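Each of the next two complexes has chain A plus one other chain: chain B in the first, chain C in the second.
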Partner chain A sequence: MTTSLRRADLLSLSNLRNDGRKPEEIRRLRVQLGPLAGEAGGSALVEMGLTMALAVVKGPMECLRRSDELPDRAILDVKVSAAPFGFGTDRRVTNANTDRRLVEAAHWLQKAMEATVLLQLHPKSRIQIHVLVLADDGGRLCAAINAATCALLDAGIPMKDFCVACTAGLDEDTTLVDLNRREESSSNGQPAVVLPCAMLPQRGTVVLAQCEARLPSTDTLHRVQAAAMDGCRAVFEILQAAVRERATTLLSARKGHASIENAFP
Partner chain B sequence: MASGLALQLSESEKLYLIDGCADNCRLDGREREDIRQYTIVTSSETTSADGHPPLMLSNGSARLILSSSGSTSTHILCSVKVEVMTPSQSQPNQGNLIVHVEDSLAANSSLSRKKNEEDRNRVQSIISELLATNLIDLESLCIIPYHYAFNVSVDVEILSGTAGSIIDACCHAIRAALQNTLLPKVVPSSIVNDAGTSMDPVGSSSSDLMLESDLSLAQTPSGIDNAAVVVTVTVCHRALTNSYLLLLDASLEEEACCFCQVHVAVDAREGTEPTICALRKTGNGSLPWELLPEITALAVKAVPMTKSSFRVAGSSRNNASLLQTQLDIQ
Partner chain C sequence: MPLATASTASSYISIRDDARSLSRNERAFTRECALRTKALRLDGRTSEQVRPVRLHMGRWDHGAECTVEWGNTRVTSLCTAELVRPNLDRPNEGQLVISVDLSPSASPSFRQAPPFTTGAGIAGGGQGPNYAGNNQRLQANRILRCLEKIVLTGGTLDVEALCLVPAQWVWRFHLALTILDDAGNPMDAAVMAAIASLRHYRKPHVDLDAHAGGGDDSNDPALASAPILIPSHLKEPTPLPLHHTPLAISFAFIPLEDGSNLSTAAGVVDRTSSSSSAGVVAALVDPNDREELLQNGSLTVGMNIHAEVCLLDYGGGCELPPTQLQECWKKAEGCIRQLCTMLEASLEQADKQAQADRLQKLVVQQQETRTTTTRSTTTNNNTNTELPPLPSSPYFQQSDNPGENTTAMDVDNNDDDNNVEQVQTEAEEAYRQLALDYSQGYKATKVREDTDHMKHSSQAYFNQAGKLMKTIFESAKSASATADNDQKDKGKAPTVGQPKKQGTKAATTTTTTNKTGKSSETPSKKAKGTKAATAGQLDSDEEETTQMLQSEFKAEQADPAKPDAKAKPMDVDDDDIDDLAMAISSKKKKKKKAKK
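Right after this comes the complex of A and B.
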């Protein structure tokens, strides 16, 4: 099937991306708080476009080994794993414990959450966060961070602020927000510019920013960073609305005005 | 907690539970042969017809939620992915179907890692043994004998298993996901080009496979409507009267104090006598021989109940059946 108009020309002609979004638009974000009812702790399912991440939080609880515990604050035990079908294109059975990128994602997630959660309130304890990536269409780390934030909120663990994440990138001098897998993959033989960024939106501080590609100048870096922060703020509004809705539902259920059916999207 | 965490009940709790079953009143008020209603989600929007399946990037997917008394739930997500491969030499006319069950969210304390491995493999091996050959017609997955066939990978993810009855739930989810799978129509391009004159040998560069991008030509794998249904019969032993009680659709508490469980795969298509495709017993109890016909009879009786006791959330007709009727009319 050949078309006279190549998809790559779409961006320059009509200022639209390959899935029809404008450059500064984020993908459809759906949040579901507490999908796994009956789970001790909290859980959240976040879908950014087609990327789906499920986070389960347990804790604060005892540390497994006395040598792990810290006397003045809690430790975060973070694990990121991917379902066999959650790997982008083909189905690949990879051992979650040894996949380097998942281990790295867990490390970044831990650093981001350590800056957000009020760990000093629970000394000598452990908070366990497990993120399961169910589908990967780009922005896996950001979906994981957003899911972890919502799961921590669902579990009632005290935090300084939401920790929201969004990617930003560059395509021929246009900054893009919330890249999907096709935009993240390298084009023209050069690695694509992808900057996942996590921030605390109400405080305006950046918790995580990471870029592994070459940028033309520091001004470009500032632009991409600013675009990422704008994307994060857009994500924050949606997350905050979802959390408020969940809280009102729970409150009215407790008062007896409503009953919660087992929720699914 | 996810599955793999065995519930531990005290002896008096077990006695209470089993006595209740003997009086035909289980912990949640059901009778011994009552099964709970479960929900299958195959589409995300509840009203409009343009909802999408739970996993867009897979060829088929389904999500199953079984909740009992509101606080515990069994939550299963199943994905079906299809790829083209070379069939094996021993069966050149058949494609392949692999079932893989994963429980990534199981409590993975490092103290009992070996036990967790065994638990994980247990569910995986039971389901793949019971179902792998009884799900779809493998010969329909063949594209060109000896050269190309479909490889269907069914991946089940257990998100939560606190309401018990995991194996039944996985099987229902697999069935629903396969019913919503669309196999793309693939034609060898040499046949298309040459109109029958000289066919290039298959495997050479000029006879690649061509994918029809028209979605209406995609089909569901054939044979899925006649696929086997797995029913788990839980056997409890009542010491007082030395009798055996058979339960359907056990909850986690009932599974914790059961004597053993028998998983039966029944092939019950309309018009023929139901046949038993596979049977597997798990658990530590030794089953008396005379009990087996009773168990299988109960399993066969449960199949029509199982097929009708779910509600489909989302569009009530899956896309595949709509497409099938369109193709028939043409």
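Right after this comes the complex of A and C.
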């Protein structure tokens, strides 16, 4: 009898993860800028593996309430919601205003963007960012941040740099980059080490870092943090290429050489 | 982030929130101070010092609370538990419900809102995108999420250990935090309060066999099979199984470039200057409220004393070079170590205090039960004086057995199970009446209880026992009695007697874990062989005389010599051991009398 080699064994033998990636490899990243063409603003659809996030940006515009506005800068009005359909998202309808995880994600997104966007150029205004997570296979927050960055660029809002995000984790002393849902979920009763991290790659500064699991020391934290930053740089390359391509298309469309397709894939 | 000041142009007048706005001068000055090489803050701290922290803790039968005063920030945490049916999805896990309430007392910028909770939350958010309300919401949510991560996912409280009967009964813990005063950094104070109250909490024992119990819940058919929580005076409750004790520390980030330094002439970022100054960020540990308004970003690190990180919450807001992030972690290690040691010391102290309080309560309860039985007997009989042992008295029933400690103990057990509740209510009633009865309040208690004691409990019990037993019991009783009486008669008990009393009390309490609150017999048993016993006996002699004197004033104690004679040993037990010398002398006297 020939013993069949299971996929899991094969993966572990060659030191690959459960979806066949190497530990430092990120998932397939697809970016589409401006899928919602009708929006007077910007939009972006980012797919990191199977996780899909759609971001829509409107603004700068007037604040809803005069009491909200700041005299020297714009405010960011961020909302993150998860679609009840879609792979991986919660079947229960989660209210974006009250669900504590979504409110937390929105708060982080707002903070990360506040560090990136040049808010001082638009005093007393409001920039509204709405992110809809269509499918969640791990790295929901990172996909949201990447989508928000691209949408802001698509809307033409001035920013200091790209704000890219990527998760990193730890699996028995090997640092993994860009965890999917299976790797994020806790195994053997211990929560998995997941460190979503956002940075400004060209400036080399970190704007967001979260970790929930228990780590034995701060050195481990350094390692995981460094791995996350490597992942962010890889994401940045892809995003930058996508933005450049979009800009080229727009320029040539203006000259009449090409037409812009906004087909929603 | 400062809110806008009132706009004059429109009719829409916005209210300036003084607690949340910073004047330009204040802003500039604080920034300058923070960004110096050796930062000196407005309250005199360096950038690495934490404000002084004080903890107040309390514990009662089914809960624990902790109030943390972190500088001027005040947070209260309340930890209670109940037994519930588990969640169907997770039949082997306990539950933890955390709720955070940023009350309006904390800051004028907070509105009255339902607390943010992890349990069945109240569907809020009816106001729409209210930015001021948002701030409160976001802050409460942040504290809630950090706590959830530290306590649940960080592995502090093992929810599987909270399971009592798999798939039937689990513990559900409620951790309710209220921010009473927000003077900056409520996050760290909240985490410390929550962890301290979890550590201070003692879980009661549970009687799973509901039908055998005294019947607290057995009246309710729905809860007929519910396990009964054994009150703490019967069985000593146990601490919670916490894996480790993490604490959190927060940093405020104030970057050099605030954005206002950018050259906005062409709307182009001055690349060179910004990249060179991007690295300069001041990191202040434990910001106060002014610095919190000023900060661009904040970082919270949760660690335990062994520098195991269990939470990293860097919520962005400003750019940070990764090296500086790592530096902050190192700083956090040192601060957290300090905080952890301080927490341990406070917990120990509070625990001792709680134990002492519990002992006192137990002794008082014993006294009260004796008083109650006395009262019940008196009310039953029209004649207030003489009280022959009443068959209805539980103590008397027990005393039928000869003086074997074990049998008596067993009887005590049964008695406890059956009558504890009744006795408690009687005790409360008796105590209330006692408090209102002025003629009896003044050191009459001592005497009365002695008479009760001798009347009911130990008569047959002690008479049958050998002399040694008798003396032991008497001393034990008098020890507990003296303990109670000492509490009531302040001036009477000399300090010499106090340590003795305490010792007896402790002896009685610890030994009578199952039978406290019942009879004086148990304390006497426990005090076997202790010096206090002898002291008690000695005391009884003293009390005998006092009894005789005071019995005139009391109906119950009108009973002359006979009960007195018999009660003398009992009296000794009931009375506190005021004076060791007196006790010894009275013991000798009592022995003589007993022989007689």
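Note that the second predicted complex is superposed on the first by the 247 of 265 C-alpha atoms of A that agree within 3 Å, B and C clash if a C-alpha of one lies under 4 Å from a C-alpha of the other, contacts with A are read in each partner's own complex, and residues count from 1 in each chain.
Throughout what follows, a residue touches a chain if its C-beta (ideal position, glycine included) is under 8 Å from a C-beta of that chain, and two chains touch if they have at least 3 such contacts.
Note that the structure is a prediction, hence the values are computed from the model and not measured.
K.L.:
Of the two partner chains, chain B (first) and chain C (second), which one does A:Asp137 touch, if any: first, second, both, or neither?
P.N.:
Touch partner of A:Asp137: chain B, not chain C.
K.L.:
Once the shared chain is lined up, is A:Leu54 touching chain B (first), chain C (second), both, or neither of them?
P.N.:
The answer is first: A:Leu54 touches chain B but not chain C.
K.L.:
According to the contact criterion defined above, which of chain B and chain C contacts more residues of chain A?
P.N.:
Between chain B and chain C, C touches the greater number of residues in chain A.
K.L.:
Does the superposition put A:Leu64 against chain B (first), chain C (second), both, or neither?
P.N.:
both
K.L.:
Identify the overlap between the chain B-contacting and the chain C-contacting residues of chain A.
P.N.:
64
K.L.:
Using the touch rule from the top, collect the residues of chain A that touch chain B in their complex.
P.N.:
1, 35-40, 50, 52, 54, 56, 64, 79, 81, 83-85, 90-91, 93, 96, 130, 132, 134-137, 260, 262, 264-265
K.L.:
Inside the complex, what are the residues of chain A that reach chain C?
P.N.:
64-73, 75, 77, 95, 97-98, 100-101, 103-104, 107-108, 111-112, 114-115, 118-121, 124, 158, 160, 189-191, 195, 198-200, 203-218, 220-222, 225-226, 229
K.L.:
What residues on chain B touch chain A, complex-wise?
P.N.:
Listed in rising order, the residues of chain B that touch chain A are 1, 39, 41, 44, 54-58, 63, 65, 67, 70-73, 75, 77, 79, 81, 83, 100, 102, 104-105, 108-111, 153, 155, 157, 159-160, 162-163, 213, 313.
K.L.:
Which residues, counting only chain C, touch chain A once they are in their complex?
P.N.:
1-5, 7, 10, 12, 14-15, 116, 118, 121, 123-125, 128-132, 137-138, 141-142, 144-145, 149, 153-155, 160, 259-260, 262, 264, 267, 269, 274-275, 278-279, 296-297, 307-322, 325-326, 329-330, 333
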